[in-house]
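Written below as structure tokens is the structure these notes are about.
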Amino acid sequence: MIYNIPYIAVMLLILVGLYAVIAKRNIIKIIMGISIIESGVNLFLVALGYREGGLAPIFTNLPEKTQIPGQLVLPVPQALTLTSIVIGVAVLALMLALAVQIYKHYKTLDVRSVRRLKE
Amino acid sequence: MKTRAIVSLSVLILLGVFLIMSILPLSNVLRPFGDPENSDMDDYIISNAQNDTGANNAVTSVVFDYRGFDTLGEATVLFTAVAGVILILRRYAHE
Amino acid sequence: MNDTSKIIKTISAIMFPFVTIYGLYVIMHGHLTPGGGFQGGAIVASGCALLVVAFGSEAIAKKVKESDLSILESVGALGFISLAFIGIATTFFYNVLAGRSGSLFGKIPPFGSNPGYLNSGGLLPLMNFAVGTKVIAGLFAIVLILAIATRKKGGRT
Amino acid sequence: MSFDVISHSPALLIAIPLFGAFFTPVISRLHAKVRDGFVIVVIALTEILAIFLAQDIYTNGIRKYVFGASLPSLTRPDTISIPVRIIFEVDGMSIFMVLISLTIALVAAIYSTSFFKKEDGLDRYYTLLLLLTVGMLGMELTGDLFNFFVFLEITSISSTALIAFWIDRGESLEAALKYIIISSLGALFVLMAIGFLYGQYDALNIAALANSIQFTFIDKIALVLLLAALAMKAGIAPMHMWLPDAYGEAPPSVTIAIVAATQASLYAVLRICFTLYGSVIGMSTIGWLLIGLGLLTIFVGVTMALIQKSLTRTIAYAAVGEIGYMIIGVGTALAASTETFASVALKGGIFHIFNDVLDIGLLFLVAGAVIYATNERSLENLGGLARRMKYTTIFFLIGLLAVAGMPPMNGFASKILIYESTYQLNPIISIIAILSSILLLAIFVKIFYSLFLGPELPNLKDVKEVPTGMLIAMSILAIVIIIIGLFPGYFMQNLVEPAATALSNPSNYINAILGGA
């Protein structure tokens, strides 16, 4: 069970994020919720690639007796996480820009008073 | 006001149950943390990255060579976001 | 408008070159050590963000125009896609320089652990540079515009 | 060494518009006219390339492209059984969607050149339009799940920025925020599902995953996550809330591009149901689920369209309803995969993707023309436009007949297939579908009457016909609609049949990647 702590952390992060997205009414807090979910998913991807006692898959000054590939962690999930982090930054920037513009327009960030569109 | 709280709470509980159901079997049965079961593709990359790309860093090899097209997409996402931010805040961009 | 103290300004001005050098180091050694174009670019851009915080977006916006930044970003992106295009005689994204002895970045390192050779990696270091340029310009532009737009005084609301 | 354009065309289809998008901010420095022409030329060039590629695929079968390999068709190195690199795999279904997306992007670009009068930010607008095209094409061409996720994000980020183009309208900003929240949540679900699949099989290629999928408990969860996220992005009923806002509040030229992007998400649903999980037995549950959702979607779309007061929002809800028809067709094909009418249902559903994007697109362009000429969106303040805007009236008439599925138009050709096949599965489904279609006709006839006929309103005295660019864009769509309506058999055989065959034979898709170099 102790080995599964990263997965439990993933689950908790996603739940916290979903809570913020569903229950919070401030746009900035909703955006924070999405960011938290995204951290959870990124953690999930990285955790998938871990090998117990593994080293980073970088050959520069690697200890001489390392088994290749058995003792190196998987590189693909790390690359995927890198990509998804950058995508997350991009989405975050766009959402914040929208929030700024909404604030300029309505003078508030509360979704209840912003919601002018019919459901 | 009350109903919203109840709805969100129940949705959260459902999602929580769903996630627990989904993540625990993954970690316990199929792939315990720190012991990936299936790693053909990654082992191939680790063993051949230096020869294929000449780079010592296997992650960089994946990012720019094996999955280089993803990185082009990623750069495009950033480009898109900058264009989008400039479009949305265009009143302030040209000062 | 600008109400940060002298200490913050001085320290930021001193720190900025170091942060930039560190970021460029990360970009340059992306194929040897952890890091690469994105990470190094983010470090340099955070140095620029430091300046924005310390000196205020007004002062920075006078020196750096948003349009220049977006041109720089386009240049980085075009550089990256052109590097990918070089290999199109075989396939898109084919690493033409790797393993071609004598060419720039053409060295193949010995298998397994080695001290790391800067002159290896084929197109990868060049791509790191292109992406680094793009990320610096892109993130700096985002930070600058958001800072200008959220400015309390002096901005049009 | 001769350079073979066709064998490189899957990569070029992405590279050319992407190059154009990166170049647009630079070229905008010259002149606005140069920029407009540049964008149109780039999209037209891509479309020509796509047509050549389509001809090649219809004669020679699936075309694959491996990025960074020493040969475009070298899917995997000798020592490993699964692909390592990113592969574009283009079959009949992909190229069908690519042709749709490019046609719509071209129409949107032509329309935009005369739709926007003197607004700032148009440089970025055209950049983002090209990027949206890139995103759609990538989603449709790719054979790699993570690559699909990246292009999904490109699509959603660029459409968000475009929805918010009219930054002075609060509604546009809200619609954009709603859209980005929904789509980034959806994209994170997709990423989570990719993690589940990768964790089990250590592969990201769709064909390799489809080959090794066991339908374990984890696979089921991944399927649920993927379907939920993509159904959200495709605007299927319980998750359709974002769609009317986004469609209704974006500039109309953007809206038709977003309609095409929605269809790209729908394509992903098809790809997942038929290819990724295609070899799994027991997908009929998913088929029935899709039929149920489809009926709900039709119901919600049509009833909500009935009560709207704004022109664009009415069309947006009609678009929701139309999505339901495609889902019903596809669901029937899945639910009764052994019966003979399953292939008819699948063809109907696929054909309707094409027809829907044309019909709804034309209606949105007409709505845009009305907004352009009158600066008015509310149905109450509009009337008697037929005298002043002759061509626009004709285009609206064509669009409304096509959406309602009336015989001479293209909508009839695909809807009749859906009715026919669903009737064999369960008569009630087809009856509901037919009734909704009639209701849709009634709604649009009412709008047609109040918008174009009737007395001329005093506030619309000096309305003029819209500029030529917009008329050209609308007439392209109208002509395609009429041609498809007159010769449905030709399009069935040459476009829809290969697409349906490609979807219903997942083993071809898998063998193209895994069956030797």
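Here are some notes:
Lettered A, B, C and D in written order, each chain numbered from 1.
The rule is short, and it goes like this: a residue touches a chain if its C-beta (ideal position, glycine included) is under 8 Å from a C-beta of that chain, and two chains touch if they have at least 3 such contacts.
Nothing here was measured: the structure is a model prediction, and the numbers come from that model.
Here A-C and A-D were compared by C-beta pairs in contact; the pair with more is A-D.
Here the spacing of chain B and chain D, counted between their Cα centres, is 25 Å. Between the CA-based centres of chain A and chain D the separation comes to 29 Å, rounded to the whole angstrom.
Separating the CA-averaged centres of chain C and chain D is a span of 36 Å. In chain C, the residues that touch at least two other chains are 32-34, 36, 38, 70, 77, 81, 84, 92-93, 95, 109, 111, 114, 116, 139, 142, 145-146, 149. Multi-chain contact residues, meaning those touching two or more other chains, occur in chain B at positions 26, 31, 36, 39, 41-42, 45, 50, 56-57, 59, 61, 63, 65, 67-74, 76-86, 88-89, 91, 94. In chain D, the residues touching two or more other chains are 18, 22, 25, 67-68, 146, 150, 153, 157, 160-161, 164, 167, 176, 199.
Shown here, the protein chains touch in all possible pairs. For chain D in complex with chain B, the touching residues are 18, 21-22, 25, 67-68, 77, 79-82, 84-86, 120-121, 124-125, 127-128, 131, 134, 138, 146-147, 150-151, 153-154, 157-158, 160-162, 164-165, 167, 176, 196, 199-203, 216-218, 221. Those residues of chain C that touch chain B in the complex are listed here as 30-34, 36, 38, 61, 66-67, 70, 73, 77, 80-81, 84, 92-93, 95, 98-99, 105-111, 114, 116-117, 120-124, 127-128, 131, 134-135, 138-139, 141-142, 145-146, 148-149, 155-156.
Within the complex formed with chain D, the chain A residues making contact are 21, 27, 30, 34, 37-38, 41, 44-45, 48, 76-77, 80, 83-84, 87, 90-91, 94-95, 98-99, 101-102, 105-106, 114-117, 119. By the touch rule above, chain D contacts chain A in their complex via residues 146, 149-150, 153, 157, 160-161, 164, 167-168, 170-171, 173-178, 180-181, 184-185, 187-188, 191-192, 194-195, 198-199, 204, 241, 245, 249. Per the touch definition, chain B reaches chain D in the complex via residues 18, 21-22, 25-26, 30-31, 36-42, 44-45, 48, 65-70, 72-74, 76-77, 79-81, 83-88, 90-91, 94.
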